[in-house]
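Order of writing sets the labels: A, B, C and D. Residues in every chain begin at 1.
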Amino acid sequence: MASCDLNSKNPLLLVSCGDQPGLIHAITGVLLGMGLNIVSNQEFVDRESRRFFMRTEFEGAADFARLGAAVRAALPASADVRVQPPARRRVAILVTKEHHCLGDLLLRHAYGELAAEVVAVIGNHAGLRPLAEKFDMPFFHAESANCTREAHEAEVLRLLSHFTIELLVLAKYMRVLSPEFVARWPNRIINIHHSFLPAFAGAKPYHQAFQRGVKVIGATAHFVTAELDRGPIIVQQVIPVAHTHTPQDLAQAGRDVEQMVLSRALRLVLEDRVFLCGNRTIIFD
Amino acid sequence: MASCDLNSKNPLLLVSCGDQPGLIHAITGVLLGMGLNIVSNQEFVDRESRRFFMRTEFEGAADFARLGAAVRAALPASADVRVQPPARRRVAILVTKEHHCLGDLLLRHAYGELAAEVVAVIGNHAGLRPLAEKFDMPFFHAESANCTREAHEAEVLRLLSHFTIELLVLAKYMRVLSPEFVARWPNRIINIHHSFLPAFAGAKPYHQAFQRGVKVIGATAHFVTAELDRGPIIVQQVIPVAHTHTPQDLAQAGRDVEQMVLSRALRLVLEDRVFLCGNRTIIFD
Amino acid sequence: MASCDLNSKNPLLLVSCGDQPGLIHAITGVLLGMGLNIVSNQEFVDRESRRFFMRTEFEGAADFARLGAAVRAALPASADVRVQPPARRRVAILVTKEHHCLGDLLLRHAYGELAAEVVAVIGNHAGLRPLAEKFDMPFFHAESANCTREAHEAEVLRLLSHFTIELLVLAKYMRVLSPEFVARWPNRIINIHHSFLPAFAGAKPYHQAFQRGVKVIGATAHFVTAELDRGPIIVQQVIPVAHTHTPQDLAQAGRDVEQMVLSRALRLVLEDRVFLCGNRTIIFD
Amino acid sequence: MASCDLNSKNPLLLVSCGDQPGLIHAITGVLLGMGLNIVSNQEFVDRESRRFFMRTEFEGAADFARLGAAVRAALPASADVRVQPPARRRVAILVTKEHHCLGDLLLRHAYGELAAEVVAVIGNHAGLRPLAEKFDMPFFHAESANCTREAHEAEVLRLLSHFTIELLVLAKYMRVLSPEFVARWPNRIINIHHSFLPAFAGAKPYHQAFQRGVKVIGATAHFVTAELDRGPIIVQQVIPVAHTHTPQDLAQAGRDVEQMVLSRALRLVLEDRVFLCGNRTIIFD
């Protein structure tokens, strides 16, 4: 099938560090000195944490290692510097029973809409195997029903170890991951959930939403952290609903907004447009 | 100034009752028998509560009392039947310090965009007096700072008793009303609040939202019930925000969405488009 | 795979006719007389054309032919009356090269989200064959490049004649259908197009939109009529864009909004929520 | 009344010029050399025109004239450089008969939500005089009915000459300005119009929209150029509508979206967030 044209993409310089005068001048000086041309540049200083963020797309023949070293040398020692060539990020998708986010991602992947190479789908139920296989995607069933969380997570990790995964996408994976698991993928796990939390914690959120008579249904994509559903928010969106909608209609609306929000969040992450600032995200869109 | 043309409006028949076969047939039979023509008709049956709702706009020379009696006679004894001639509902607005919702409502009122006669503004602070007076609107200051809630509410009730009020609008009135006060105005008090509840209960909601890094800011208009912020939702809406926005920007976005949502909710109520079904609303828009 | 539960659906009575007093009373009288219970009922009278529309969901053991006849007998001779049992509508999808709408529809179809039986995909290019076949869907290539429109349409009609099609969906089918072709499927062809028309007629609409510096990108789903892009609108929606977006980004945004809008329009049509009133639609959502 | 705190605002450095390597480095070098700290910085390079745009908010005690000169000296001769201290821009508002945009702007102005000093309202009808005067705003009636466009515009210019106006806001001013008039205020006139153009050119746009059965109503704020309704777009937005809405309802929805869009566009311009790139805008939000 068709494929995303990485040749049309430029390399990126990604920097974050404590703010101080002269950062942009120093960084652009390094690029200029190496004959590299800035195509687009976005910076942001968070006033509260006094932290500086910069995403620079550049063109020109660069020795990426040398560029990274030179930028690091020009900045405070604690600076976080990354030079990112155009690349497809290797991604695994974790699922449970619901198909909508997985189907949407596999379709976008198949047509090269994502700068990702999805290498595996892991389900704690086996039901989505046929969908993965339609797209020639390896599906692994890591049972969670008759084992401890430790055993289940060990099996997931064992499966993931066969691949070199850079990003995990929880596409309606309905298990709570242990802090130990999450710690292995810091800010590299993206989750989607119905936006009712904390309003509608617990079971049957769409029945609760129906009972409460809400007029909008939303979804939130966020990074997973040790604290459940409290990780940095990447994308949030809502769609309007009405009293004529049954709980089933609300669930359909929820699925629709979830798949929009998750694919948008994944795209932003894959294009290195998302920086973390404490528990918030800086999005250079 | 200009004024809303009540002559272009038709009378309404408003019915709610337990569902049973033949209700629509019975009601339309009464209208037909009295030579009244249905201009628009909306019904809804809530499957859970098995409750029937109907809003009928009709034209023709009607004896409203006779029509109401005839419809009541055709329905179960417990039916709630109202015949509503085109009218401006008499409204009082309660405020504290924030101007945006009051300003928007007074402007719309002045240009006849609302089928309401706003007769008074009552503030527990005096700061919005000049704004009310710009629009030649009586403003009353019912102090809340140095007295008990009972005393404050007694003063508000005393002021309201001079008017024949049909609806109270809390346009950023920042006091919690007692269940006793609320019970005097069942489903006739409309409140607007920032939609972060229950997510961001407590002080400084926009600072909390900023800390959490939300990507949308919303507002909810609802009827006030004895249980704080749990009354039936009339309108909800959100607008997108970004990391570049300061807490002050979020507050401005919040004000903008609050005034949109409150004026829309008030318009729906004034046009008798809102029915209550338990703790939910049926909106015939 | 999973499948849409038609058993949870009720039959529908669908009526449109010139407005006159007593219509609702007459229709509900027939239902009542046959012991059928109204589950939900929506009517609308278009003031301009004085035309009446009604969509009634009912329950109870009905002889549908007898019900239809009885309702017809109770109404003016010109009334359009249909009794619709719960059913999957038989649908063919026409495509050209773009995959996004087809992929979304096949996915939703596979998981029973649509009350449709998609029976064939016909492309004037062959490129989407692999996508159709992933979902075990017959794909037919009706060449359009080296033949006249008449010949191409004759081939499409020949292919369609093998099936009993109730609805055609143009999921980015980029040919203009002849009035003769359209006349065979009156109000049964749904098209999606980028919403720039009439603003951005002609080639490369996203480059034109980029040049114009638009801040929103939209899409419109409509019924196809003899007059190009002038048929009744079913769904319209937009998403915001910014100066940072390239024409390629605008095109991606366009694809995203197109697939949302088309699947929503199809769902409304499949649930018989769309009535035609001249060149406008009445949507009972 | 309350007032916008200019003390909380920082000065801005605003640059646009043909793109070339080293621009950011050169500009930040000047700031650094003068001991000025960058608070936020946004740049964009338009790939088509190869034009560079930069908006820098800085803090520190600056000699603004010296800063401007130093930046100019560091850039190509054709560069457009402006140093902008925090200031209220002086604004005149032109109106005809419709009140909604004027009312919204006067309210926001009165409460210091805009970094503007509105100094006059000029109407080609006298009807909005009472609204302006409520807010103690000078209102001038520049008749347009019984005179040529030249004479009318001459009168408007005469009135404006009494003030030092930096920005004109056409808040539903329904006259077409001559190219000569527009040329006096290049990119300093902001207009709001119903977004149907070019779809619904001519009279009664909401009746046309109703006839066409649109499902969204929008508005566009743009700079005025010699070519009617073709100037650079600043903000566009839509709100959903339905078949139940009359032309009057559509007009109300249009008013609501117009006032949102115009006040947002004005705010962006007042905060110097809008750059022009040919006929498009770059918005640093």
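Note that a contact is a pair of C-beta atoms (placed from the backbone, for glycine too) under 8 Å apart; a residue touches a chain by one contact, two chains touch by 3 or more.
This one's a predicted model, so the numbers in the text were calculated from it and none came from an experiment.
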Selected pair, out of A-B, B-C or B-D, that shares over half of its residue contact pairs with A-D: B-C
Centroid comparison with subunit A (C-alpha atoms), farthest chain: B
Centroid distance [mean C-alpha coordinates] between subunit C and subunit A, Å: 35
Rounded Å distance, subunit C centre to subunit D centre (Cα mean): 41
Multi-partner residues of subunit A (each touching 2 or more other chains): 40, 44, 47, 242, 244
Subunit C contact footprint on subunit A (complex, rising order): 1-2, 40, 99-100, 103-104, 107, 110-111, 113, 130-131, 134-135, 242, 244, 252, 256, 260, 285
Touching residues (chain side subunit C, partner subunit D) in the complex: 44, 47, 198-199, 210-216, 218, 232-238, 242-244, 246, 277, 279-283
Footprint of subunit D on subunit A - complex, ascending: 21-22, 24-25, 28-29, 31-32, 35, 37-45, 47, 240
